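Two complexes, one shared chain (chain A), two partners (chain B, chain C).
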Partner chain A sequence: MPALTAAVGSDMWRTARLVAAKDLGIEWRSRQVTNQVLPFAGLTLVLFAFALDRDDITARVAPGLFWLATTFSLIVLVQRTFAVETADGALDTLRVAGVDPAGIYLGKALALAAQLVVLEALLLVGVIVFYASHIRPAGIVLVIVTAFLATSGLAFVGTLYGGLAAGAKGRETLLPLLLLPVVAPVLIGATRAFEAAFGTRGGEGIRAGVEISDGWPWVGMLAIFAAVFGAAGVLAFGPLLEEA
Partner chain B sequence: MSTTVPNPQSIPGTNVSAVSRRWRGVTSTGFSRVLGVATLVLVVWLVLFGLLFSPPDQTQQSSVRIMYIHVPTAWVAYLAFGVTGLSSAMYLFRRAHSLAWDRVAGASAEIGVMFMALTLITGSLWGRLTWGVYWAWDARLTTTAFLFVTYVGYLAVRRLGGSHQARAKRSAVLGLLAVIEIPLVHFSVELWRSLHQEASVANPSGDVKMDGLMLFSLFVGLIAFSLLYFWLVLHRQRAMYLEDQYDDADLDVALVERRAETKEQSRA
Partner chain C sequence: MSPVEPVPAPSTSFAIAAPVVALRHVVAVLGRFPALAGASLEVQVGEVLLLKGPNGAGKTTLLRLCAGLVPLVRGEAEVLGHNLRTDRAAIRPHVGLLGHQNGLYADLSVRENVRFWGRTAGASDGEINAALTQLGLDGRLATVPAGRLSAGQRRRTALACLIARRARLWLLDEPHAGLDADGRDLLDDVIRRAVGAGATVLVASHELERAKALATRIVTVAGGLVHNESPDDAGADRGGRV
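And then the complex of A and B:
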């Protein structure tokens, strides 16, 4: 059906929208992320509190724990988003249908980002409740921009490496090994930016009295990260799908 | 032995045992043997200069001798990962998609991982003696550790299976991704540490004035390890070539057997 191929394949963004809507639709019906990944993320927050034991410590390291919980959940989310594709050979079907791989990539990244945003919103509530963290009023913009860019970066990288491992034997154990080193800059950058917004680390230690403005250089780094891996994913996803 | 070996292309795919017997221990050529001997001579030189002729350091005493291994292994590891990135690009962007580039990339990554492990081990031993700790969250150290983990992952991806071209394409993409990942990691760690503490941990190679004989020993080490790297890559990529041939031969054997079966069945 060349007409259909042309209609779908010619417009990368249209494909992306359709793929994202499909992924979110599947999630809406299966509720697998809602019922399993969100509780998992909440559980890690509780476990961190058990391990660290002291309230003043958890309050201080809350930004880092927030992003660690997000990173761990990212791995589970990526596994899920590609399990959907490989289970019934759906990815092959998309490929045979001549759908633009860049569109598939962006669509899957978009759906992943949407799920991450929901997860992060709930984790933020969890951090505030469990760790008695509070965001400085002046830091709210910083938190939102940081979360947006970090989420974009995580979704781009997650989709790219998820696609790389998709369909391979032993991908469950391979994905964390590939993904965790790559997302390290996001973990560092987003944590430092959140620390500035939360005002933790203030009062003692080497970085006494961290300012909100200290967070913005990290936002720049997160933006570079998201842009670089977004571009790499759009370029590389085609060759990766060809051989999968 | 190399002169009696037939052109690899002419290996009959149906006789696997003959292939393996014939090709045992023949990853060497005249050139690689000369290279191997030169490497060996230089390694002996390095041992003599590093352990005997070069003087101990004024402050570090004999622990400075670790540097004669540590610096060359680090250099070789970076060189190896550079070669992996370059070969990945050559595989991906050349029209032929030659598996030779893929095998060079893989061989180089394996050797790079080994040397990077040696760098980390020798470095942490030296750090324990000089700084008092095995590890410090210095930007250079952290980037090195990330390089190590990244290429361990790369090697795992190479072993995922599938056709040779599938392996090559997948790992070439990953090899190039590693090239853009590492600067980002380094940049973020650098930014993190520079914000975090005023003075960086002792810089091992900074502006230290070096004794002539020490510098010479280090130089010998660099050349010896570079030659060792090339020697290892030559052999390893040839061994990988044989492995690929062996896989293909396996497939051919299976095909011949199936065909024979169907013939028998149609006869019966």
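And then the complex of A and C:
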């Protein structure tokens, strides 16, 4: 692990802060999340509600639809965060400038996570309003921890695959193809944990009458996912940028 | 021959008595096309080297190779005393490349762009403000988003970023493109100041009259090879080395 230990230096964190502040500054100016991603995620929720068209079903599947809308929005956010790097050759300049790639990775993941948190907070309100869902008081901690870990995992894996697709031809279509299968564990784990927190039944059989304690094993899986992709990104983002 | 200034390194300090750029029979490919096919070139500290040649001759690839962006397939290459094959990462913090694109973020203001690129190299607020002032980008223009600038203003902003990064080797690809007469004069002044401060500059340009007046030496890039100019062709009679 010497490479990982060496990478976790002050230069990496300084770069991460710079890149995160820059990406959030760009978002603040462009209002991409406010003007495009939030309406897109909201529309996804509404269309699912129209398609299912039964309150008992929408309330039951609300956790899954919440994370599905979040995952679709992640793709739009990742494409945007790397589009600003390639539009005027900034990615090349970052490489020439010798900026620590692990710092770039962590900075971009941090900015992406911050945007996802805002999105998820508003989507949660949407799910409660449109799908007549409610969180059990004892499940609030589970929801917060699940959202934190799932968001970290999505941000890490999104940034890693965004870097992978950044220099590729047809990256707009390539990214979802690469990303969606990899984020499936987050989608499943976060949905199961939210079902436990919401007290909704995922089915008539084995998950009927789900308890809050049933959600915590899934939280463990989300933590492992986030840790694995966080470490993989710190180590692999440099070589990925070289190939981009 | 002037020795190259020591290249600042995190934990070591050493003098390099070697050219800033030393390429020997280098081969670099773009896809399967050999953009450089055995090119050799030496550039000494403080030189302003003009690379001229037709489109597709390999000028841009040569600059990108020196920046460590294009892998070396064959031959030997050293930049600022570092081997391009084995030590590209060590070169990069000391190299500034201004290519066909400017490397700016359209949604950030001029000042935010220069501050970001300056900060990545550890520049202070004073150095960032000085770069803005030198390029005439202080005042109202500093707050304008880069995406709303004219092509010339974007070019000037990219140059300010280069100055703020305190690069020791400047690699400029068609730097005069998009600039008006005042902007071109300003660019020439910036290059002369950078050389005066110890930088070395490689310029690829089709605007030969202006670039020749700036250059201390001229080479022609053609067919992936570098051909030295005769002393008579090196317009500036400032002892241009061949």
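Simple rule for what comes next: the second predicted complex is superposed on the first by the 230 of 244 C-alpha atoms of A that agree within 3 Å, B and C clash if a C-alpha of one lies under 4 Å from a C-alpha of the other, contacts with A are read in each partner's own complex, and residues count from 1 in each chain.
Just so it is clear, a contact is a pair of C-beta atoms (placed from the backbone, for glycine too) under 8 Å apart; a residue touches a chain by one contact, two chains touch by 3 or more.
All figures in this text were calculated on a predicted structure; none of them were measured in a lab.
**Q** With both structures superposed, pick whichever of chain B and chain C touches the larger number of chain A residues.
**A** In the superposed model, B touches more residues of chain A.
**Q** Once the structures are superposed on A, label A:P217 by its partner contacts, choosing first (chain B), second (chain C), both or neither.
**A** The first partner, chain B, only.
**Q** Once the structures are superposed on A, label A:K108 by its partner contacts, choosing first (chain B), second (chain C), both or neither.
**A** Neither partner.
**Q** Return first, second, both or neither, reflecting whether A:L240 touches chain B, chain C, both chains, or no partner chain.
**A** first
**Q** Mind working out whether A:I188 is in touch with chain B, chain C, both or neither, as first, second, both or neither?
**A** Touch partner of A:I188: chain B, not chain C.
**Q** Examine A:R95 and indicate which partner it touches, taking first as chain B and second as chain C; both and neither are also allowed.
**A** The answer is second: A:R95 touches chain C but not chain B.
**Q** Of the partners chain B and chain C, which touch A:R80 in the superposed model: first, second, both, neither?
**A** Touch status of A:R80: no partner.
**Q** Touching chain B in one complex and chain C in the other: list those residues of chain A.
**A** none
**Q** Using the touch definition from the top, list the residues of chain C that touch chain A in their complex.
**A** Residues 67-69, 89, 91-93, 95-97, 99-108, 112, 116-117, 119-121, 145, 161, 165.
**Q** With touch defined as at the start, can you tell me which chain A residues reach chain B in the complex?
**A** The touching residues are 160, 164-165, 168-170, 174, 177-178, 181-182, 184-185, 188-189, 192, 206-207, 214, 217-218, 221, 224-225, 228-229, 232, 236, 239-240, 242-244.
**Q** Touching chain C in the complex: which residues of chain A?
**A** Listed in rising order, the residues are 15, 18, 22, 25-26, 29-30, 84, 87-90, 92-99.
**Q** Okay, in this complex, where on chain B does chain A touch?
**A** On the chain B side, the touching residues are 92, 146, 149-150, 152-153, 156-157, 160-163, 165-166, 169-170, 173-174, 176-177, 180-181, 184-185, 187-189, 191-192, 195-198.
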